[in-house]
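Each of the next two complexes has chain A plus one other chain: chain B in the first, chain C in the second.
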Partner chain A sequence: MNPSRTFPVAIESKVQPFSLARAKLDGVELVIWKGSSGKIHVWEDTCPHRSTRLSAGRNLGDQLEDVYHGWRFAENGTLSLIPAARKTERPDISVRVLASSVSGGFVWATLNDEPQPDPNFNGLPLRPIHCKAPAKVVNARLSAVTALNLIVTPWSETESMIFGVTDRFDKAGLRVADRQLVKLLRNVERAVQ
Partner chain B sequence: MSLRVTNPVDARDDAAVWHQWYPIGTAEDIRRHNRNQTRLLGMTLELTMQESGIVVHCEGRALPVKEHIGYIWTTLGEPDTPAPPLPEYDETDRISMNVWSTPLKCSGLRIIDNVVDNGHFPFVHPGILGDQDHLELDSSSPLVDEHGTLWSRSQKAWLPITNSDAEYTYRIPSPYSVILYIHRPDTPDRHDILGVFAQPVSEESFIAHKLLVWIEEDWMEPKQLRSDQQWISVQDKYVLERHTVKKLPLNESETSASADTTSIAYRQWLRDNDVRYGAIR
Partner chain C sequence: MIKLYDYALSGNCFKVRLLLDWLSLEYEKQLVDFYPGLEHRDDAFLAINPLGQLPVIDDDGEIIRDAQAILVHLACKYDAGGNWYPTGHPDLPGKIQQWLAFADGLTGSISAARLHDAMFFELDVEEARARGEQLLRILEEHLWFAEAEGNSWLCTADNPTIADIACFPYVALAEEGGIDMAPYSTIHRWLERFMRIKGFHPMAGMMPLPMPGTDL
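Here is the complex of A and B:
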C-alpha cells in the first residue's frame, strides 16, 4: 500500500519561518524547517561536525545554524560557512536531507528516494497524538475507529505518531475526533504495557 | 544510513581507562551529603566514613583511596601513573576550589573534547569567552611529551572582557581529564588553572569535577568566581547533552575543520592509546 514508506511527519501550518520543528521517522531524529524560499526541509537532526542537534540551533531563513560552533547549512543541505575557518577550504559535506513533500496540509517524508504522499489523506488535520507503542501495534487496533481517517507514522521501534484528518470542519466535530483519538491511544498503550 | 548502535565496552577490557585514578568528589561533599554510593566505569562503589577517612569498596573489594588536589580519588585497576600532579594547588597565594561536581548525560570523553576546543566560545559562551566579531581561529600544534601527556600550547582566542586575545595551554594527562592553563601577561611563568576531571559513570554518562586554581587578586570574590565558572559550565552542559551520538567518535564519522586541530589530536591520541570505553572506533 505504501511501498515508498512515505509518512506525515508534521502539520504544514505548524512549520513556521525562522523556527525549527522536530519529528522522528523509523528511529531517525528529524529537524523540519521552512526556508526563505518557502520550501519546507526535512533533515536528519544532527550536525555532521560534532553530532549536536540542529534543532537546538537557529533557522536564519536562507540557512540553518548549528548551536555548538555556528556551522551553517544552506537550504539544499550543503555546508555553507565555518565561522572559525572562513579562510581555509570548506569540506564538501552536507547534512542528511530526506526526500519530502507537502500535500493535504501535511509535511511528508521518506527514508527512501521518492516521497509518495497518500492523495486521499486530506481534510482538517487533527492534533497529532504521540503513542508509546510501535506503529504495527497501533495499526492493528485502528479498525476500532473507522470514523476517522488516520495514518500512523513509525516514530521509532517503540513509538508512533498518529496523524489524522476529519471532514467535519466545525469545532464540535474536531473535539469528537480528538476525543476518539485519545481513547484509541489509551487502549493501545494499555495493551502494550 | 548512519549507524547509531555500537557494542558496549566492558571497562575491564580497556587498560588505558581501567588502570587510572578517578576523582569521586570532594571529601566535604561526600560527608555533607552522607553519600554512601557512587558509580565508576559501570560499577557501584560503596563509600563508608571511618575515622581514618573515606573507605571505598567495590563488590566487597577494598579499593585504594587518595586525597589529592581537593578530591577523593580511587581506582578499580592498577595504575602505573599517579593522579595528575598539580603542585600549584598548594601555592599560598592562590584560590583553589571545586567549582562543582555535576552529572552529565554523554561520554566523559565529550567534555575533554569540548574543553580543548576554542571554536565554540563565541556561540556557547557569547560575551564571556568570545564574541561574533572574532570568529577566526588559528590552528594549534599539539604534541605528546615523553610521559605520554598530550599538550596543546598557547592557543589564542578572543576574550571580550580584556578586549584582546587570551592564550590557553591544554594538558591531557589521561583520557578522561584535562588541565587548562590560562596565560597571564603579568606573570608569564605562572598561570590561572582550571581542571576538568570526568568520573565516567557509564559509557554515556559521567560526573564532571571542575577545579579552579587561580592566583588571588584583590578584586576576587570566591563566591563570584565559583558562580561565574558554574554559569560557563551550564552553557557547556546544554550543548554536551544535545549530542545525538553520546559517545565520542574516533573514526571519520564527524567532519573536522582547520580550527579543530586540538580536537583531532585528542581523538588520535585516544586511538593511539587504544581507548574504547565511551568512544566509537
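Here is the complex of A and C:
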C-alpha cells in the first residue's frame, strides 16, 4: 500500500513565507518552511549544535536561523553561518533533511529516500485533526468512514494527525463533517486511555 | 497618571502592558514580587486587591483589578479609534466578551501548569494541562474556520481586538507549562500574526523573536 511510508505533513497553502510550521512523522519532530526559492522544506526540528527546536527560530527567507546561538542553515540544509565564529572555517554540518514533495495541495514527507505521495488524495482539504492514539488504532476505527477520503499520518507511537479531502461538501457540510470526525476521534482517544 | 501593579513574568500583566504601549499611554510600574516574594499575598497588596491577583491598575484614583476588565477599561477610555474594543458594531461586544472569559479559562489551566513547572506551585499539573489542551483544541477549531472565512483574528477580519490580546500570552507560553504545541498549526499562525503587529515586543519566556516580513 504505502511501502515508502510517505504521509502528508502539512497543507501546502498553509505553509507561508517567513513562517515556520511544525509536525511529526514516525516519532521525528519536524519543522516545515517555505524558502525564498518557493520550495517547501521538511527538516528534523533539531539544531545540530545544541539540539534546540529549529521551529522556535526564524525563517529569514533564504535561511533558517536557530534561536539559541543564531546558527543559520541554507535552503539545502547546510550550515551557512555561525555568528560567534565568522572568521574561522565553517564546519561541514547539515540539518537532517527529509525527502519531501508537494502533491494534491499537501506537503508529503518520508523518513525513507523517495517520497511517493498518494495521487488519489486531492480535493478540498478538511481541517487536520490531532488524535492521541496510534495510527494503527485510528485507521481501524476510521475504516467505517466512507464519505471522506482520509489519511492518518503516524506522528509518534501515541499520536496521529488525520488529514482529509472531500469534493462532496459545501461550507456547512464541511463543518458537519469536521464535527463528526472530531466526535469519532475523541471516542478513539477515550478507548486507548 | 496610570499606575500598573506589575510582575514581569505574568502573562496577565504582559497583556495590559501590551495595550498600554499600543495606546501610547504613559504609566508607572509598581513592581510586585509575585515569585519568590509572594508579595501579592501581603496585607499591603490585599488592601488594593482582596483577591490577591495581578495585575491591578490605579487610573487616577480608580482601582481596577482583573486583566480582562483592565483591557476593557483602557480600550473604552483611551482608544479614540475604537479599534481594540469596537462597541459600535452590535455583533462584536458579545463575541469579544466570550473570548475574554475564555482567556480566564487559559489562566486557570495553562497558566496554572506554568506556575507549577516554573515557580513550583503545588497543584494537579496533569489536570491543569488536560484542561489547557481542551481549550487549545477549541481555539484551534475556531481559528481554522475563522481563517476559512477570511478572518485573521478571533472576532474580526482585519484589526485585532482585546479578545486577541487577552488570549495571546498564555497560549504563547503554553510550552512553559509542559504542553506540546505541535498539534496546533492554526493557532501557531495566529500567534505569528499577533507577533507581527507593529510595536509588539515579546516578554521573557516567549521564544519567538521579532519576525522578518515586517520590521526587518
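Keep this in mind: the second predicted complex is superposed on the first by the 192 of 193 C-alpha atoms of A that agree within 3 Å, B and C clash if a C-alpha of one lies under 4 Å from a C-alpha of the other, contacts with A are read in each partner's own complex, and residues count from 1 in each chain.
Following the convention adopted for this analysis, a contact is a pair of C-beta atoms (placed from the backbone, for glycine too) under 8 Å apart; a residue touches a chain by one contact, two chains touch by 3 or more.
The structure displayed is predicted, hence computed values, not measured ones.
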Determine, under the contact definition given at the top, whether A:29 touches first (chain B), second (chain C), both, or neither. both
Using the superposition on chain A described above, determine whether A:87 touches chain B (first), chain C (second), both, or neither. first
After superposition on the shared chain, which partner residues are touched by A:67: those of chain B (first), chain C (second), both, or neither? both
Which of the two partners, first being chain B and second being chain C, lies in contact with A:96: first, second, both, or neither? first
Check whether A:50 is in contact with chain B, with chain C, with both or with neither, and answer first, second, both or neither. first
Touching A:75, do we find chain B (first), chain C (second), both, or neither? neither
Footprint overlap on chain A, where chain B in one structure and chain C in the other make contact: 29, 56, 67
Touch list for chain C against partner chain A, complex: 137, 141, 144-145, 148, 181-186, 188-189, 192, 207-209, 211-213
List of chain A residues in touch with chain C within their complex: 10, 14, 16-19, 21-24, 29, 56-61, 67, 127-128, 130, 159, 161, 171, 175, 178, 182
Can you check the complex and tell me which residues of chain B touch chain A? 1-2, 4, 113, 118-120, 122-124, 135-137, 238-239, 242-245, 249, 253-259
Mind listing the chain A positions that touch chain B in their complex? 27-29, 44-46, 48-53, 56, 67-70, 82-88, 90-91, 93, 96, 111
